[in-house]
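In the two complexes below, chain A is the common chain; its partner is chain B in one and chain C in the other.
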Partner chain A sequence: MRIFKLKIDFVYIAILSIFLFIYSCFIYALTSHNIAEAINDMVKGHILAKLFIPVLIAAALLYLVWKAIVRHIMKPVKKIAEIAEEITHEDLSARVDIKNPNKETKYLISAFNDMISRLESSFKYIVESNSYIAHELKTPIAIIRGEAEIALKKERDNEEYKKVISIALDESKKMLKTIEDLLLLTKMTYRPEFLNFENIDLNQFLNDIFEQSKILTAEKNISVDISVPEMSERVKADELSLRRLFFNIIDNAIKFTPQNGQIKIDVKYQKKKAIVSISDTGMGIADEDIPKLFDKFFRANKEKNRYASGSGLGLPITQSIAELHKAKIIVKSKLGKGSTFSVVLPILSH
Partner chain B sequence: MVNGYFDILSVCIVLNPRTLIMKRILIIEDEDRVRKIYAQLLTDEGFEVIESADASEAYDVLNKGGIDMVLLDIKMPVVFGSILYEIMQSFHNKVKVIVASVYPLDEQKRIVKGAVDYHDKSHGTQLLLEKVRKALLEDS
Partner chain C sequence: MRILLVEDEKRMADFVTKGLKEERYAIDVAYKGEDAIFLIDVNPYDLIILDLMLPDTSGLAICKHIRNKKMDTPILIITAKDSVRDKVKGLDFGADDYLTKPFSFDEFLARVRALLRRKRADKMSVFRVADLELNQLTHKVKRADREIDLTSKEYALLEYLIMNANEVVTRTMISEHVWNEEFDSLSNIIDVFVNHLRNKIDKDSDKPLIHTIHGAGYILKE
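What follows is the complex of A and B.
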């Protein structure tokens, strides 16, 4: 291999020498007082004899300088390649860091590092969602299996069998909900193009939500009120997802509000944004728990989120929908008094 | 002679599964349905069962004494089972602990080091019962 490389070096030097020699001949002819004599010199080979060694040395030097320049330019690329080789799915924490890079290299490094960051967050999502799936699906399996095993140990009366069957049914519904929520969250995170954005009249949209909320809250005798400004505004949204966003918040409010409580939907329009606040008279959320509310897979990996119910993915899904609509969700709460979830949506200009 | 006699007697006690009957087991599990299943499983087998839905409640029970074994869940609200286990190592290190969680067994062993046994809750109640019996027989 090494000999082969050396051969290539010599070929390059020879080609360079030929070019240099032709160039020298031109210069010689042009600077000479008598062009005819100069051409005669060339034909007789006097010039070749005179210039052979200097041209060869110059070509070799030129080649070395060129190689050094290429090596210098390729240095950061080599470093990027080295780091790329180190990176595996087990450790995506490595980043390229080169001191004082030039403009082009800087661009290359930042593009490379950004790509690794995106990969890292995707892998993190896969690992966390796997752990979440395992945990959230194994618990209902443990319950269904345990109930069935105990029921089959000896003869039982019909009522006991019925109880076991209804538990199995209930747990299988939970499993389905977990799977559906997880698929939806993954879709929101990685395939947001399925959303169908349209212009939506917000007053009409929220009044519909209000009407349906009344049915949901009836069971716990919770009262629902709405206050909307007279003049409506429009937002660009995927109607189905936006409905899910508001119903997730309202569902949570119902779950954590005691019997005979209150839920209020308050709508305000400002210059460029709509603020829809949903307040309840529920148990409230401790300050330190508020940032954890929207954590994906929080329940599975850290501790049980006291405010999450069902699959525990309701609020992370809500947050993903908000992000896709360039909306923000602000949570304010007082323990024992209640919580307010405010959704800040950008409105369409008239 | 007297010592030898008592040795034979204690061997007899150990080998007789009836000696397990009076053992008192504390189930620490936040999932109501799972806890009820284990309570019924162990009560049916003649064990005395005490249930706790969280670590702090369990700690009060442990402090009262008389517990032979703990079935410990790992992921619980507020205080994790692994933290309770560490506290138990300092104050109640004679109580046998079987970790019962939905985490895979290697993960359980990594989170709670040195428990008597580990059980994956999805592997069924019969296996758990065998582990409980084995662990209780080992000590006496």
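What follows is the complex of A and C.
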């Protein structure tokens, strides 16, 4: 390998020498008084004998200088290659750091580092989702397994068996809900084109939601009111998802509002936006917990999120739907007094 | 043997309690860290089973609380967190064992038994005093090779007496290790159960094993 490389060096130097020699001849011919004599000199080979050694030395020097320049330019590239070799799926923390790079190299380095950062955050997301999914699915499995193992330890009466079976059924439903919610969340993040956007009349849409909430709140004897402006506005939305967004908020409101409480749906239209506020007289949310409400991993990583419903993914899904509709959700809450979730949606111009 | 279970998932706590009760242990359940710390401070538990994720504090904080108070009660962590880092952390915070959910209930019971006998020198599951024999694995009790049928509470009481054989155990000690929080300290329930036990164990024998120490409590000895 080494010899082969040396051979390549000589080939380069030889080619360079030939070029230099031709160039020298050219200059010699141009600068001489008598071109015919000069050509004669060349043909006879006098000039070759005179110039052979200097040309060779010049070619070798030129080659060395050129090689040094290339090495200097390639240094950051070599460094990037080294860092790239270091990076594995387990450790994506390495970054290229070169002092005083030139403009082009700087661009290359920052593009490379940005790519690694994006990969790192994607991997982190995957690892976190995995541990979240594992945790959310392990508890129901632990319950089903434990109940079944204990039930089988000795003979029991039918009532006890029935209880175990109904717990198993209930827990398996929970697992399914977790999986479905996770798939929906992933679909909204990576394949939002499944949404079907149409023009929707907001007054009519919200009145439908109001009518259906009455059925949901009846069990806890919670009263629901709605106030909508006379003139309706239209929004561009995927109706099913938008319904899901509002029902997720209303479900949460019902869940955290005690018997005989109140839920209010208040609609306001401004120049370019509609503000739909859903207020309850529930337990409220601590200030420090509000920013964490929509965090998918809140429940799994720190403490359990008391405000999350079912799979704990209700509010993250609500947030994703809002983002896909260019809407914002603003949460205001007072502990013990209640919470207000305001959805700000862009409206269509007339 | 009295056990505290700290677990916020109601259904999880339900079946663990049920399974442990059937093994004749006395169980208290705390659904919150705050309740757990209160119970730990007032009762001398023989084992604490701890979930790591609680609504108010972390299980690790409870572990730390127990060890800071220089209590050497064995701690068994049961959790869905299964990374090596979490296990190392749990054990380093003073837990004695770590079991990940979902677990086999038989393995869980075996670990409970192992932790409960950790302080004893012999580490056996069968206790013998004279011709009386108690097997912790099968829950069978024999006197002179004749099997004796005991209720759960009677068994738990005899287990406690035999584990402390040749030592005086006070009524308070019995109430704290054999009964759970529902125990009514004003009743004479301990004396009633000791009498039941005597009837079953000592009645047919000319050498009684359970003795009353007036003003102190009871002792099981030859």
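The definition used in the following text is that the second predicted complex is superposed on the first by the 291 of 350 C-alpha atoms of A that agree within 3 Å, B and C clash if a C-alpha of one lies under 4 Å from a C-alpha of the other, contacts with A are read in each partner's own complex, and residues count from 1 in each chain.
Here is the rule we use: a contact is a pair of C-beta atoms (placed from the backbone, for glycine too) under 8 Å apart; a residue touches a chain by one contact, two chains touch by 3 or more.
Quick caveat: nothing in here was measured; it's all calculated off a predicted structure.
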* **Fit or clash - chain C, chain B, common chain A** => clash
* Asked: Which holds for A:Glu149: it touches chain B only (first), chain C only (second), both, or neither?
  -> both
* Does the superposition put A:Ile167 against chain B (first), chain C (second), both, or neither? -> both
* Is A:Val65 in contact with chain B, with chain C, with both, or with neither (first, second, both, neither)? -> neither
* Where does A:Thr139 make contact in the superposed view: on chain B (first), on chain C (second), on both, or on neither? -> both
* Asked: Does chain B (first) or chain C (second) touch A:Ile35, or do both, or does neither?
  -> neither
* **Superposed model, chain C segment overlapping chain B, candidates 9-17, 189-197 or 207-215** => 9-17
* Structure fact -> chain A positions within both the chain B interface and the chain C interface are 134-135, 138-139, 141-143, 145-147, 149-150, 153, 167, 171, 303-304, 306
* Where on chain B is chain A touching in the complex? -> 30-31, 33-34, 37-38, 40-41, 44, 75-78, 80, 102-104, 120-122, 124-126
* Asked: How about chain A: which of its residues touch chain B in the complex?
  -> 134-135, 138-139, 141-143, 145-147, 149-150, 153, 167, 171, 303-304, 306
* Asked: Hey, which residues of chain C end up touching chain A in the complex?
  -> 8-9, 11-12, 15-16, 18-19, 22, 53-56, 58, 80-83, 100-106
* For chain A, which residues count as touching chain C in their complex? -> 131, 134-135, 138-139, 141-147, 149-150, 153-154, 167, 171, 303-304, 306
